[in-house]
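There are two complexes below, and they share chain A, which is joined by chain B in the first and by chain C in the second.
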Partner chain A sequence: MASAAARRQDINPVRKWLRWNEYTPTLVLFLFPTVLFMVVFVIWPIISSFQLSFYDWNGIDPTRKFIGLENWARLLNDNVFWRAFGNNLTVVVLSIAVQMPIGMALAILLERGGRRFNIFKTIYFFPLLMSSVAVGILFKYIYDPSFGAVNGLLKAIGLETLKRNWLSDPGIVLYSVIAVICWQYIPFYMILFLAALSGISEELRDAALIDGATDRQYYLKIAIPLIRGTVRTAVLLSLIGSLKYFDLIWVMTEGGPSNASELMATYMYKKAFPSFKMGYGSTVAMALFLIVMGIAVVSFYFSRRLETEV
Partner chain B sequence: MRKLVVFTLLAVMVAGLAPVAAQGPHITLWHIQTSGVGPELIQQAVDRYMAANPGVSVEVVPLQNDPFKLQIRTAMGAGDPPCVFPSWGGGPLYEYEQAGQVIDLTDYMMADNYVEHFLPASLSNVTFDDKIWGVPVENTAVAVFYYNKDIFGRYNLEPPTTWDELVAVSQTLIDNGVVPFSLANKTKWTSSMYYMYLVDRIGGPEIFQAAANRLPGGTFEDPAFVQAGEMIQDLVEMGAFIEGFNNLDYDTGQSRMPVYAGEAAMELMGTWEIANFKAENPEFYESSLGFFAFPAVEDGVGDPSNVVGTVGDNYYHISATCEYPDEAFELITYLIDDESVALRVEAGRIPPVVGVSEMLEDPILQQVMAMVENAASVQLWYDQYLPPELGEVHKDTMQALFGLEITPEEAAAMQEEAVAEYFGR
Partner chain C sequence: MTMRGILRNLALIIFAVAWLLIAGIPFYFMALTGLKERFELFSGGSVFAFPQAPTLANFEDILSSGTFFQFLFNSVLVVAVSVGLILLFSAMASYVFARLTFRLNRPLFMLIIAGLVIPLHVTLIPVYLFTRSIGLYDTLWALVGPYVAFNLPLSIFILTEFMRQIPREMEEAARIDGSTPIGTFFRIMLPLSRPGLATLAIYNAVILWNEFVFAFVLIITPKNRTLPLAIWQYQGEYAMNIPAIMAVLTLSALPLIVVYILGQERVTRGMMAGALK
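This part shows the complex of A and B:
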């Protein structure tokens, strides 16, 4: 009796959750498939590629050669990997610096426009609906130095001096692709911000306007601070997405020319597949995993603290 | 009700695990003949085989070229490769052989002198340790220069026979505002063709053989490799290649667009390009398309009749896990029997069998075949000859060399270093 009373008063949520009761069999039954899939398709591959990173293996030989930390030592001295890491950081910074403000500006514009602007909501959303491969191939033609729309337009308006080999000049190829990435993802953040802005109650705006706030003051001082949770989520999503970015780069440049637009993920793919250095490819994969994990945890922690301080 | 739902879910899960019962020999065939009439070429042979062998079922799986390279390795790594599958011979096949993934076909090939059905040159890419590991089937493809006859006519140019003449032709074209060469080098193996030919013309095929097989004295730092790099960079510096070539994509036709538009006069490419010209721009193919062999290099020791390419293109192999090798081999013979050969020729291909030259009607293909028959040697594409890892290094080096990001000496050293590390000597 006493223990039953104690159990009733136990409010530690973890212990409460773990305690066996009449719902437990059902809970286990319903969670089992998800957990099984997670283990088979997420956790086990991570463990086994970590294991593979200590081997030299071409993918088909019956035997894998154990080489200890050789792959990891090679990675630390691999200029291409660090260049790819640097490129990833460029993608992170530019993605956040370009996508967030433009996404927010468009969201505000659409919110102010109301129903009349609904048509733009659909139009602006288009890029996100297209598959990355289609977008990549499309922009490959748009950037074509002789036949592409970009150089064609520059020529038409008399700015021939600005014509570039957008995708084959090692100095600008990365920025050319980032521009496309931004074009594709701005609508996503726009919708995210728009939804959050629409969630702010009308009374708040009315109250602000009665108090004499301008539109500009309303958004900068009231609306955006109110949706900072959404902004934080958006920045984190963009950060993590940019660090493990793969698809448009792969379709448009395959990391080239000569690694000028190489990212960690494309480098991992190149090593593991076309070159069939499964061991080294796995090492790059694990490094990518650890870097993304580390940066995500740190930024999650700091952005949380920031939020509670504000 | 709840029990019913749970039971149904469980039943579905268990049913998914139950193996499908197989009846009689079952053979899986992978192929990559997905463009044009390719799928029908394979299917008609399989249909005839199944009609003649009613007890055997054959499953045909078509795959895209590049995804295939990945899937076959993954399937082998997982111990579940298809019974019959293609390759290009050379380095990757050698890895399969070393890993015990393919079976020795010598006995099958020797039975009833079946081997004499094929052009001898076609077997060199699949013969290791004096054993034959694959059957040549699909095509004969070598790299040649295509040129626009109208542009050449306009400036009174003749197809060059020496490198100096080629450079002179290029200079004339540049002076008249025409780009000499179209090239789509995001794909990387496209530029490798210049390098392979130049090395062959300068030093002969033995230079590469010695370097790639680590024979005594063989090295990628041989002067022939360095000189080839210098000659390429001279061309790049004079502006002989189309603008932005290093990130144009061959697979989406970006090298042929400038040719059709008359902006570029020449392209060095495999003979499969003829079929592309014919399909994409019949007018250009009929009235303007000409071709010439890669020119000789003055002072070079390589025989100018040598070609770079492949006699066979796709070879078919039987995996070590195949339960029915006899049936599988018979199936392969249907892919290259008289009926299949006739259909391939009709489709504009040159299957690597004896007597094929008499069957060809297209004048360009006839000339290509004459080139191959008269060639003192046929050098397989480097990226197919080398193991995959080194093939990638070679291709990356080519892109950097053409992009003027490394010197010819550095290009030679990078390849030598990678090869030496791979073979441990």
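This part shows the complex of A and C:
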């Protein structure tokens, strides 16, 4: 049998190229569901979005009007889109700048505290268990100018002058929302860093302490450099996540007031669904896609290079 | 303990308590306000004050209306079906990537992994149009396709790594005993992958339990909604009744918090599965 199969392989060049063997039918059968779902719900939609970006269509009419590059030209001059892009970059930068240090500090705290601090670890994790929608609605009321907790707290400690309309003041709304994003995701990075720190061997730590290293020196000079791979992962996750951000902003502000907290994803949704501009909505979606993929590729490349150089 | 040691411990504890307040106060505010009578907030007292007359009326209202359980049921159903399919399909694909060699193995794997960074918004319009054209629009089943597709890449990535660690001896033995590749998969690979599958089940269930965008775009009829959308809907209904909204939020957060407290280690590990190296 085996030799017959081998001979069959030899005579059919396609089979030979594919390395066809007794496992091939299983292989095809086992990959089929994954390939089917990925093609129907991911790959084809991307191609279709690209195609739609050349049309003017409300999503209902049987005919759609081909308008060439008009949508793309409009996008380049669309101040709201570029403002949303800028806001996305602000979210990226502030998320990384706030979440990484606090996440690391909490991880170190929990590691130093050991078992005694388990109750802290349990509660620190809570924000991650709530859906973004629930977190968004909760903070909408926490930020409420009259009945919310933030202004209530400021009043209680006598800092009434700092009271603000946290979500309706265009100057601060983006920062208010970023604070909530950080509140929700810091536990994620905390646990990630904690797991990495706990993975460092005891001997290394003991050796450092015997050599007279203080805790601070141990973490800054030994532990954090050792887990830089994890830090890199964290930064990349935060970067990609921030570029795609939607739920929480949508629930809290819908991008408002007057686009002050607009992100690429909320803008895409607004163009496509409430206003039924499937063509232009697809153009914004494609731009979001290209920007995310572009930044992902560049940052993967550079972070790998950095990784090998250090 | 030296003076310095005590001071250092004190500093650690102060920091720990400070973050405890930051992480915990929103939950305290949520649960406490849910226990308040509707107009108490408007009376001008501190928002942190304990309710003047703690009441469960808000919770009773929501639970007795029946719709809350409908949403809960919808969420459980769609999450269970989707997670089941994700686990089965990703285990099948991972078996291929981990064990069978073929010409397109590497490129296909890379293509699926690229799916990890794709923003789902780029698929929103076509998926919406497609769902409408096949008649699934506005049903719970419309969610299964996108839910499965968007969570397969990570699951495949993790399971492939997991299956590569499993020693080959048992499969070889099974093969010599005349087991077919499919038989080997079901009798040997699947049982041996159970820890990986458990982690992925938790990870995917949490992600989908909280999913918002697809549910928001693909479902209109209130009774077909999942829990995250239902919260959104209650918010409109009870716009001026903040305690009622806080009660809804508390109820919707409870299932996951209870599960977390019961199986903290497992849930934590599951939820961290998304952090790939």
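One rule holds for everything that comes next: the second predicted complex is superposed on the first by the 292 of 310 C-alpha atoms of A that agree within 3 Å, B and C clash if a C-alpha of one lies under 4 Å from a C-alpha of the other, contacts with A are read in each partner's own complex, and residues count from 1 in each chain.
FYI, a residue touches a chain if its C-beta (ideal position, glycine included) is under 8 Å from a C-beta of that chain, and two chains touch if they have at least 3 such contacts.
Since the model is a prediction, treat every value here as computed from it, not as a measurement.
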**Request:** Considering only touches as defined above, state whether A:G229 meets chain B (first), chain C (second), both or neither.
**Result:** second
**Prompt:** Where does A:D247 make contact in the superposed view: on chain B (first), on chain C (second), on both, or on neither?
**Reply:** second
**Fill in**
Larger residue footprint on chain A, choosing between chain B and chain C, goes to C
**Item:** Partner chain(s) touched by A:A208 [first = chain B, second = chain C, both, neither]
**Value:** neither
**Message:** For A:V91 in the superposed arrangement: first (chain B), second (chain C), both or neither?
**Reply:** neither
**Prompt:** Looking at the overlay, does A:Y23 come into contact with chain B only (first), chain C only (second), both, or neither?
**Reply:** second
**Asked** Now for A:T34: first (chain B), second (chain C), both, or neither, which partner does it touch?
**Response** second
**Asked** Is A:L128 in contact with chain B, with chain C, with both, or with neither (first, second, both, neither)?
**Response** second
**Request:** Scan A:I178 for contacts with chain B and chain C and give back first, second, both or neither.
**Result:** neither
**Message:** So chain A touches chain B in one structure and chain C in the other; where do those two contact lists coincide?
**Reply:** 29, 59, 137, 141, 144, 147, 273, 278
**Request:** Note which residues of chain A are touching chain B in the complex, please.
**Result:** 29, 58-62, 137, 140-141, 144-147, 165-170, 173, 253-254, 256-259, 270, 273-278
**Asked** Which part of chain C faces chain A closely enough to touch in the complex?
**Response** 8, 12, 15-16, 19-20, 22-27, 29-30, 33, 41-42, 46-48, 85, 88-90, 92-93, 95-96, 100-104, 108, 112, 115, 117-130, 145-146, 148-150, 152-153, 156, 180-182, 185, 206, 209-210, 212-213, 217, 227-229, 231-232, 235, 242, 245-246, 249, 252-253, 256-257, 260-261, 264, 268, 271-272, 274-277
**Prompt:** Can you list the chain A residues touching chain C in their complex?
**Reply:** 17-19, 22-24, 26-27, 29-31, 33-34, 37-38, 40-42, 44-46, 48-49, 52, 59, 105-106, 109, 112-113, 117, 120, 122-134, 137-139, 141-142, 144, 147-149, 152-153, 155-156, 183, 187-188, 191-192, 195, 215, 229-230, 233-234, 237, 240, 243-244, 246-247, 250-251, 264-265, 268-269, 272-273, 278, 281-282, 285-286, 288-289, 292-293, 296
**Asked** In their shared complex, at which residues does chain B touch chain A?
**Response** 6, 69-70, 73-74, 76-77, 95-96, 98-101, 185-186, 188, 242-249, 252, 254, 257-258, 261, 263, 388-389, 392-393, 396, 399-400, 403, 405
